[in-house]
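In C-alpha cells below, several structures.
One chain, subunit A, links the two complexes that follow: it is found with subunit B in the first and with subunit C in the second.
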Partner chain A sequence: MTMSAKGFWTSTPGARIFGLLVTLAVLGVVEAAIRADIVNAFIVPLPSQIAAAIPRIVAEENVLYRFWQTTQEIFAASVLLALVGVGLGVLLYSFRTLRLACETWVAALAAAPVVLMYPLFLVIFGRSATTIVMIGFAAGIAPVILKTVEGLAGVRPVLIDVGRSFRVSPAQQFRLILLPAALSSVFVGLRLGLVFAMINIVGVEFLINFGGLGQLINDLAERYDLPGTYAAICFVVAISIVFYVMTGKVERRLRPHQ
Partner chain B sequence: MSATRKSAPVLRRNLWLVRGAIVGTILVAWEALAASGLLFRDVVPSLRAIGVAVQRLLVNPDFYANLGATAWEIGVAMLIGTLLGLAVGILLGANRFLSRAFESLLLYLGPTPKIIFFPVMIMWFGVGAGSKIAMGVVSCFFPVAISAAAGMRDIDRVLIRVGRSFRASTWQMVTKVYLPAMRAPILNGIRLGLGVAIIGTLLAETKLSNRGVGYLIIQAYATFDMPRMYALLIVLFVLSIGANAVIGRLGRGRAGPAA
Partner chain C sequence: MMATPAQADALLRVEHVSKTFATPDGPVKAVDDVSFNVAPGQFVSIIGPSGCGKSTVFNILGGLLGDYEGRVTVAGETIKGTHPAIGMVFQEESTFPWRTVVENVAFPLEIAGVPKTERLEQAAHFVQMVGLHGFERRYPAELSGGMRQRVAIARTLASKPRILLMDEPFAALDEQTRLLLGDKVLQIQQALQQTTLLITHNLTEAVQLSDRVLVMTYRPGRLKRVVDIDLAHPRDSEVVSSDAFGHYVAEIWHDLREEASRGIQDAESQALHRTR
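What follows is the complex of A and B.
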C-alpha cells in the first residue's frame, strides 16, 4: 500500500498533481499574507478576489467578443504568414544564389526586435486592426521562411531522383515530391510563426489600447481595477497556453508520418 | 572537388551581385516612394533625410544617455534573469520529479505575451527603471531556464559520475561539472533571452517611461519626427542583431572543440 502510494507520487501524473498542489499552496500563502497585512492589498489583490473577478470580467467586459476580435487578427496574420512566408521560402529554395544571398538576412530579421516598429506601423496604417495584424505578420514571417527553405532543402535526393526518372514536370516535382516531403518542417515553421504572431498581436493590442484581449488588460489597469487586471492577465495567459497546445496538436496531426 | 573550388569564387561574386541588386532595388524603390507623394508626407522620408537623422543621432549626447539607461536596465535584467533561469533550469534538469511537476509550467508560460504583465510590474516596482528591469527579467528567465534544464539533462552521465566519485560538493558539481558541460545550451539560452529581454524592456519604455531608447522612439512618434524614428529603429536593429550575433558566435566558438 505504502509502496503503491510512493509509486503514484513518483509517476508523471503524481508529480503533476504535486506541482498543482504546490501552486495552490503558494496561492494560499499569498492569500494569508495579504489578509495578515504582510503584503499590501493595494498592490496584490487576494487570489480569491482574482478568481471571483474572472466571471465578472467575462460578463461585463465583453470578453467573448474581444476574444473573437483577437482571433480574427491572429487568423488574418496566419493567412498572410502561410501565403507570403511559405511563398518566399519556396522562392528562396528555387533560386540557390538568392537563397545563399538572403538566408542570413532572414535569420537576422528573426533576431531583430520587429515589434518595436509598432509606432512606425501606427503612422503607416493608423490605430487600427491592420497595424496589429501587420506587426503579427512581420514578427512571425522569419521562422516560416527559414523552416520552409530548410524543409525543401532537406528533401532526400533519392526522392528527387525518382521524380526525375519518371520525367515529372517541375510543377509535378514540387507538388508531388518536394512539398509533401517538406511539409513536416513547413508546419514547424508555421506553428513558430503563429505563436510569435499571437504573442505580438496581444502585446500590441495592449500597447496601443486597441482591439481585443490586450486592450482589456490596459483598460482594467487604467481603471485601477486590480482584481480585474490580474484576472484578465490570467485569462490571456490561459488563452495563450491553449493556443500553444492546440497549434502543437494540429502541427503533430498534420505532420506526415515519416 | 576541383569543380567546387573553381565555382566558389564565381558563386561568391554572384552572391554579392544578387545582394547588391536587392539592396539597390530596395533603395531605389524607397526613394521613388518617398518622392511619389503616394503616402502622407514624411511617412516614407527620403534616404538623405534618414541618413542625416542617423548622423545627428550618433553625435547627440542625449541619445547616448538614453542608450546607457536602456543598456543598464537590460544588463541588470539579464544578470538577474540569467541567474534565476540557471538556478531553476539546473534544479529541474537535475531532478526528474521536479521536472515532471513544474517544467510543463515553464514550457507553457514561456510562449505567452510578457508585456501584459507590465501593469503588475508597475504596481510592484514603480514607474521607474525597476518595472522595466522586471519586464526584462520576466522575458529572459524562460528561455534561459528551459535551455539550462534541457542542457542539464544532456550532460554526459560519465562526467557526473566522475564528479560524484571525487565526492564533489553540490557547489563544486555546479561550477566544475554542470556549467562547463552546459556552455553551449546556456549561451544559446542567453542569446534567446537577450533578444526577448531587449523587446520586453524597450516595449515597457514605449508604454510608460521618461528615458531610454523606447522612450525616444515613442517621442519621435508623438512629435511625428519620422526620420528620427527611422534612425532610432535602424540603430536599435543593428545593435540588437549585432549583440545576438556576438553571443551566437561565442556559443559556436566554445562549443566547437567539444563537438
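What follows is the complex of A and C.
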C-alpha cells in the first residue's frame, strides 16, 4: 500500500525530514544574507565555513575528547540532580513545615545567576571538573525540587485512598503509587534542570578556561577563529541533543503508558 | 436487647454510627445514629440525595475516616482503620494509569507478597471474570470508562474481601452502560456469593442490584427506611421492565423525593447566602 504525500509529511519520518529541510533552508538564507553583505561576515561566519571547520577542529583541537569531557561533566551533574534533587523534593513534600519554609527560597534559587558564584566554587573545589559539575548541579537543582514537590502534591487523592484501602506501607505507597504518579512532573523538572546544568557547565568551562567544549570555545574565540568557534558550539548542541534523546528514552522506559 | 437471628448472622454490623465535621461555619453533623446489618452473601444498597452522608458512611466502613461515634464490626470483630475483610471500589476513576490491566488487578496481590507469576495468573482470572479477557496488556488510557471501572472492581475482588464496598462506581457512566455493568456485577456477586454494600443515588441501580435498600435522609444522614427487594434471582437488567420493579422504584422515590427536595432547597439557600 502506498502512502499519500499528505500522509508521508504527517508521519514521524516525514516530519523529521521536514525539520531537516527547514534547518537547511534557514542556513541557506543565512549564507545568502552574509554573501549579500546584509549580515557582517566578521560577526557571523558563513554556515559553509562552519561546516568546513568541523573536520578541522576534530583533527587539530581534539574536539571529540573535549566533547567526551563535557558529556561526562553533564552526566555527573544529571545523576546528582536526579538523586539529590528528587530526594530533596520528596523531603519537602513529606514535611509540610519544611516545604512552607523553603519552597520560596528554592524558587528564588531557580532565578538566581548561580554561574556568577564561580569564584566561591573555585575556592571550595579548586580549578577542576568538580567545580564545573557542582555549579551545573547548583544551577539545575531548583526546578527538579520544585517539579518533584508539584508532582507529588498533585497525585490524585483517590489513588492514595486505593493504596490505603489495600493497607500499603508508607514505603510501598511511595514506590508503587506516589512516585509513578508524579513521574511525569519529575521528568519535566529533570529536563529543565538538565538544560540549566548544561548551560552553566559550558559557561563555567568558558569562564575558568578549563575542561571540555567551553574551554575550546574560549580558545577559539580568543584566536578570533569564528568558524571554529561556531563549529565547537555545534558540538555543544550535539551534546544537548544526546541528553534530550537519552532522557526521552529513560522516560519512555519508566512511563510506557505514555 | 436480644439480637434477632438476622442480626446474630450479620457479617457487617453498623451500630449507632455518627460523624460530625468541623467546618468554618461550625460543626456539621453528616451522619446521625446510623445502624444496620448486612448478612453474608447479601447485596445491600444505601440510597440518598446528594449531601446525605453516603460517602461519609463509605469512608467510615472502609476505614479511611476515623474519629466517629458508634461501632462497626465485621464477623464480630470491631474494625478500626482499614481492614482486609473490606474491599473498596471508588466513585472516581481509580485505576493506576502506569500499570496494565492485569498489573492493576494484581496490585493487592503484590502488596500481599504473592510471587509475580502466581499473582499475574490470579489477576488474569479476575480480569476474565469482569469480562475483560484480551485486554490484559492494555493500559487504562486505552479503555472506556466502564471498562476502567471493571478493572477497579476486579482489582478489589483480587484482594478477596469478605465485603465488597462500592461508592457509586457507575456514577460517571451513561444509563445503558450502567444497566449492563449492573448485570455483570450481579453475575459476579451471585457467582462468588459476595457480600456487597453499594452506595448510590441511582434508584434504578439500587433496585436492580439489591436484596435490600436503605434509604437515607438529607443532612444529617439518618436511616429513613429499609426496603426489602423481593425480586427473583438470578436477576438481570430485563427486570427494569417488570411491574414489580416499577413498584419498588415508586415506593423508594416516595421517600426519597422529600429528602432530595430538602437537599435542593438547602443548596439554593446556601448559594443565595454566598451571593449576599
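What we mean here is this: the second predicted complex is superposed on the first by the 183 of 258 C-alpha atoms of A that agree within 3 Å, B and C clash if a C-alpha of one lies under 4 Å from a C-alpha of the other, contacts with A are read in each partner's own complex, and residues count from 1 in each chain.
Just so it is clear, contacts are C-beta pairs under 8 Å (C-beta built on N, C-alpha and C of every residue); 3 or more make two chains touch, one makes a residue touch a chain.
These numbers were taken from a predicted model, which means no experiment stands behind them.
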First (subunit B), second (subunit C), both or neither touched by A:A101: first
Partner chain(s) touched by A:V195 [first = subunit B, second = subunit C, both, neither]: first
First (subunit B), second (subunit C), both or neither touched by A:R16: first
Subunit C versus subunit B, contacts on subunit A by residue: B
Touched partner set for A:P113, first subunit B, second subunit C, both or neither: first
First, second, both or neither for A:V236, with subunit B first and subunit C second: first
Partner chain(s) touched by A:L183 [first = subunit B, second = subunit C, both, neither]: second
Touched partner set for A:I217, first subunit B, second subunit C, both or neither: first
Contact footprint of subunit C on subunit A as seen in their complex: 156, 158-159, 161-162, 164-168, 172, 176-177, 180-181, 183, 255-257
Subunit B - residues contacting subunit A, complex: 11, 14-15, 18-19, 22, 39-40, 43, 97-98, 100-102, 104-105, 108-109, 111-120, 122-124, 195, 198-199, 202-203, 206-207, 214, 217-218, 220-221, 224, 226, 229-230, 233, 236-237, 240-241, 244-245
In the complex with subunit B, residue positions of subunit A that touch it: 10, 12, 15-16, 18-19, 22-23, 43-44, 97-98, 100-102, 108, 111-113, 115-120, 122-124, 195, 198-200, 202-203, 206-207, 214, 217-218, 221, 226, 229-230, 233, 236-237, 240-241, 244-245
Subunit A-facing residues of subunit C, complex: 62-64, 82, 84, 86-88, 90, 92-94, 96-99, 107-108, 110-111, 139-141, 156, 159
